[in-house]
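Presented sequentially are two complexes of chain A, the first with chain B as partner and the second with chain C.
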Partner chain A sequence: MQFISLSFLCFLLTTWVLWRFMPKERRWQLLLTASLFFIGFSNPGALLVLISSSLLTFYAGLSIQRFPNRRRSLYLFSLVLQVSCLFLLKYIESGNGGLYFLFREAGFREDVLLFAVGFSFYTLQHIAYLTDIYQKRSSPQTSALRFLLFSSFFAKFNAGPLEQTNRLIPQFNIPDQQPAGLLEGINRIALGVFKKMVLADRLAPIVAGIFNGSAAAGSAATLTGVCLFTVQLYFDFSAYSDIAIGSAKLFGIELTENFDRPFTAASVSEFWRKWHISLIRWFTTSIYFPVAFRFRKQKYLAVFLGIGITFLVSGLWHGIGKTFFIWSLLHAIYLSYESLTKQTRIAWKNRFSPIWYNGMSILLTFLLVCFSNLFFRSANLSEALRLLRQLASSPFGGKGPTEGFLAVLAGGGYQEALFNFFLTISLMFVFLFLEKRISTWIRSGSYAFLQLFFLLLLIFLAGVFKHADYFIYLQF
Partner chain B sequence: MGKKLLLLLLFFVCVLVGMEKGYGYFLRRNVNLKSSYVATHRIDADVLFLGPCEPLWMMDPKVFQNATGLKGYNLATVHANFAENEAMLHLYLSHNKAPAFIFLYVTTESMDGAFNLFNSYSVVQFLDDEEIRAKIAEQDTGFSRWCRAPFMRYAYYSDFVNFNCLQGVRHALTNRQVPYFPDGFVRPHGIVWDGRFERFVNEFPKGRMFHWNAGEENHLHSLIGLAKSIGSRLVMYESPMLNDIKPFIINRQEIKEKIAKLAAGNEVPYWVFDTMKISNSRSNFFSILNTNDRGSAVFNEVFARYFLDWNKKKDTGREEKQLNE
Partner chain C sequence: MNEVLQKLNEVFCKVFLKNDLVIHLLSDASNIEGWDSLTHMMLISETEKRFNITFTFNEIMAFKTVNDMVSAIEKHLGR
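Take a look at the complex of A and B:
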């Protein structure tokens, strides 16, 4: 079941109405049933994998605490099992051939092969849960069903945010929810739908024209397309998170914020503190800190290895391929450089005016991230190389600005296409400019109704309804 | 809180209903929108050119009129399949007399179903028309599921509709009655080579098998039936295509034979112009099947003369003639 669909709307409404009338102490059971229905509705195979994985993790957690002498071997065994399954299923899911091809040849239907939906997200949560118990940072859960609800909670199941047990499970017992929370939830869902249908999906064809087009575009159009992909990715994924957070809010549950206006970051390290926050927190605590701690005596080596391994794993998590490897390598280089030049940059900062320095830093950070995302979006290395060649070519591909820039980005440059192009770009800039204010409105009561009205109106006026159910990050 | 939300929802639905009425009105006032123009203005052409983008950018009614004396109108629309062609003809007939001749573009692509489709947004302002509603329900199920909700008929394809609606506002305010392309023909002036040939060859280096789509065949039959029922003479034709592409359409001959058989079975002439000299050079095309200004000029002359010859003889069935113009 996809977030932007009639079936999800019906599901959410029905679940909420039932939840309101359910005795408070039984509400978590309703949420569990609803979540299992949500997963099993379109993918019964995924339900089977989820229940097996959750129960395995739950009992592994209990065993780690119960058998202190075997805790290391139990932990490692569970970890290896989870990681192997993750790689196996992700590789099957990737559809690049290999196991996926073998399974398909063996007669498995395409929909059965999608049983790993959401797997990579809840597996990371399971690994973090076991690590916390192993390192004695928390105690294991005592209720298998509550743990299953933690793993399967529908709002965050497909693509996060990644949660921690000790933060989420206590919230399942919250007796009620405030009316303001309900309106905030609705507003947040509306904001997510707006970001997805009005911003991300309107940008999608412009970006696709550059990344999929075989006709050589000039450097100006290519650079614009590459930059717009980063913005599209942000709108698409943060829209998903907004709908997830808003849906949870309807039931009085607070999920972790996943984005914090990442395009205002003045360095790549700051960018990563504002982008996909829950995943980065997972990588930091589960990979970076342990590696850096192990090599803590060699100061620089600890940092470089920590960053390098963290991004290598992150690249692998996103996909198996040269383009993802280059993407992770680039970020490892950016962060290592920032780590090395911290003192020098502080000295520079004091030398220039803060507005100028911050402005330049934000622009440079954005361009560096966009450059890495060129590899993230490219289907293969040859596509990425084609785009690099285009970036090094003349600004308008040897034509005039109208033909070599506008016509390339705006689907041929016809009046109608130009109208849509400028509408999209204007909406994008207005939203980015007002983003902070809009977020405040969403959380406040005073403007909430007006806000909701305008969001809905814009969705109906400028939303792209076709393909609205497809979110980029669902593939990971 | 609950009451406020309910009131907001009610108010919002009222706004959507109002917007739906407004959009419908202004889209019908947009004379540049072919469906609106033909359904609200008298054209009364003797000859109609029907089909997707190929005839839209190729068939010039003025050239045809100069050669034959018959008034023509180009009713073709971009990416349109036979069902959309039929819907356009239906809208045309709602306000105009039946033409004497209808020239329908039919090629291997037309029968495949993967290339042309029913673009609901091009006729959505006439959704209350039974015929159009039935066509949309059959051809565009995703859209027809939503289109009964307030304003969704316009929101669903907002990318295509908003601009036309704004243009409609302008036309209503200025009371414009003549479209930008008065005879429906869009001159391919300044359109450069679109690279579709290269993309096709890249995707299908060993060539592509074209499929015979039963749905398209049914709609072709239905279109022929409609033409017969109004007393118009329908002629199927295939305009020149770039010769370079022919080896990559593996079963082209087979599909052509089937089209010819279908035409003969319905006693409809089928003219094929794929042996013209202009097919040899890319300088006459901007895409695989679309001639440019230069190619179109040659083809329009040839087509008109061919029609005059044929009109004298009034043959039926398949006709294929070696043309070395």
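Take a look at the complex of A and C:
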């Protein structure tokens, strides 16, 4: 069930009305039923995998605590099983042959084979849960059904935010929702729909034109297209997170914020503290710190190893392929360089004008991230290499600025396409410059109805309705 | 400033290459420039060397402020 769909709207409304009139102590059971329906509605296979995985994790957690002599083997067995399933299902999903081919040949329908929807997200949460119990940082949950709700909660099921049991499960007991919170939730959902339909989906065809090679582009248009992809990805994924956080808020549940204006980051390490925060926290806690801690006597080597292994796993988690490997390698290099030069950069910062230094750092960080995302977005290495060649070519591909730049980005440069292009770029800049104020305004709850009216008006006036795309991060 | 905090201050000055850095019990990553997950492990390693102790993984995962570090060091030193 897609977040931006009539079926989700009906689902959300029905669930909320039932939840509101349900006895308070049974509301979590309604949320569980609704979440299982949300998953099983479009993908019964995913429901089966989810229930199996959640029950396995739940009982593994209990057993790790109950049998101290076997805790290590129990933990390792569960971990290996979860990780193997994750890679197996991702491999099936990528459709590269192998198991996928065997299943298809055996007569399984392709849509049933898409088991992995949401799997990679809740598996990471399960791994963190078991690790916390194994390392005695927390106790296992005692209710299998509440744990199943933790894993399946519809607002965060498909693509996060990643949550911890200790933070989320106690919230299932919070029975009341204040009217202000309810309005904030509705407005947060409207903000997400605005970001997706007005910004991300408007940028999508401009970006696709450059990446798919349908337009012969020079370096200026290619650079713009590559940069716009990072902005599109941000709007797309933060829109998903806004809808998830807003939907949970309707039921009095606070999910983790996933983004904190990442394009204001003045270094790549700061960027990663502002982008997909819940996933980065998982990688830092589960991979970076254990590796760096083990090798801490080696100082810089510990940091480099930690960064390298973390991004290698992150690249593999996003997809199996050379382009994801290069993406992860680039970020490992960026962060290792920043780690080595941290104190020098602080000294530079104090020596130069802070405004200029920060401004240049923000621009450089954005360009470095965009460069890595060239590989992240490219379907294969040859597409990435073609884009690199285009970046090294003449600015307008041997034509004039109108034909070699505007026409390439604005779908041929006809009047309507040009209007759409300028409207999209203007909306994008206005939103990015006012983002902090808009977010504060939405969260303040003042003039809530006016905010909602304004957002809905913008969605109806400037939204993309014909070609609403799937959320990009659902594929991971 | 107690003895542990004073010695820890010297470790911070060494790791962050800043001789005039002054830490307090409530100091954390938000008010010490450059203290992040990349420098955190350097800090742990230098602290272990300075006090001749070995932290556990759970201890370092629980460090949020300088006070957490001081408490863990004092525990290892048996104070």
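Annotations for the structure displayed:
Simple rule for what comes next: the second predicted complex is superposed on the first by the 471 of 476 C-alpha atoms of A that agree within 3 Å, B and C clash if a C-alpha of one lies under 4 Å from a C-alpha of the other, contacts with A are read in each partner's own complex, and residues count from 1 in each chain.
Please note the rule applied: contacts are C-beta pairs under 8 Å (C-beta built on N, C-alpha and C of every residue); 3 or more make two chains touch, one makes a residue touch a chain.
Because the structure is a prediction, the values reported are computed rather than measured.
Contacts of A:166 after superposition: neither chain B nor chain C is touched. In the superposed model, A:52 makes contact with neither chain B nor chain C. By the document's definition of touching, of the two partners only chain B reaches A:416; chain C does not.
Contacts of A:302 after superposition on the shared chain: chain C is touched, whereas chain B is not. Note: no residue of chain A belongs to the chain B contact set and to the chain C contact set alike, using the contact criterion stated above. Against chain C, the residues of chain A that register as touching in their complex are 135-137, 269, 273, 284-285, 288-290, 292-293, 296-297, 299-300, 302-303, 306-307, 335, 338-339, 342-343, 346.
Residues 1, 4-5, 8, 11-12, 15-16, 19, 142, 145-146, 151-152, 155-160, 162-164, 166, 192, 194-195, 198-199, 202 of chain B are the ones touching chain A in the complex.
Interface residues of chain C, counted against chain A in their complex, comprise 16-18, 33-34, 36-39, 41-42, 44-45, 48, 57-58, 60-61. Residues 6, 179, 182-183, 186, 202, 214-215, 403, 415-416, 419-420, 423, 449, 452-453, 456-457, 459-466 of chain A are the ones that touch chain B when the two sit in their complex.
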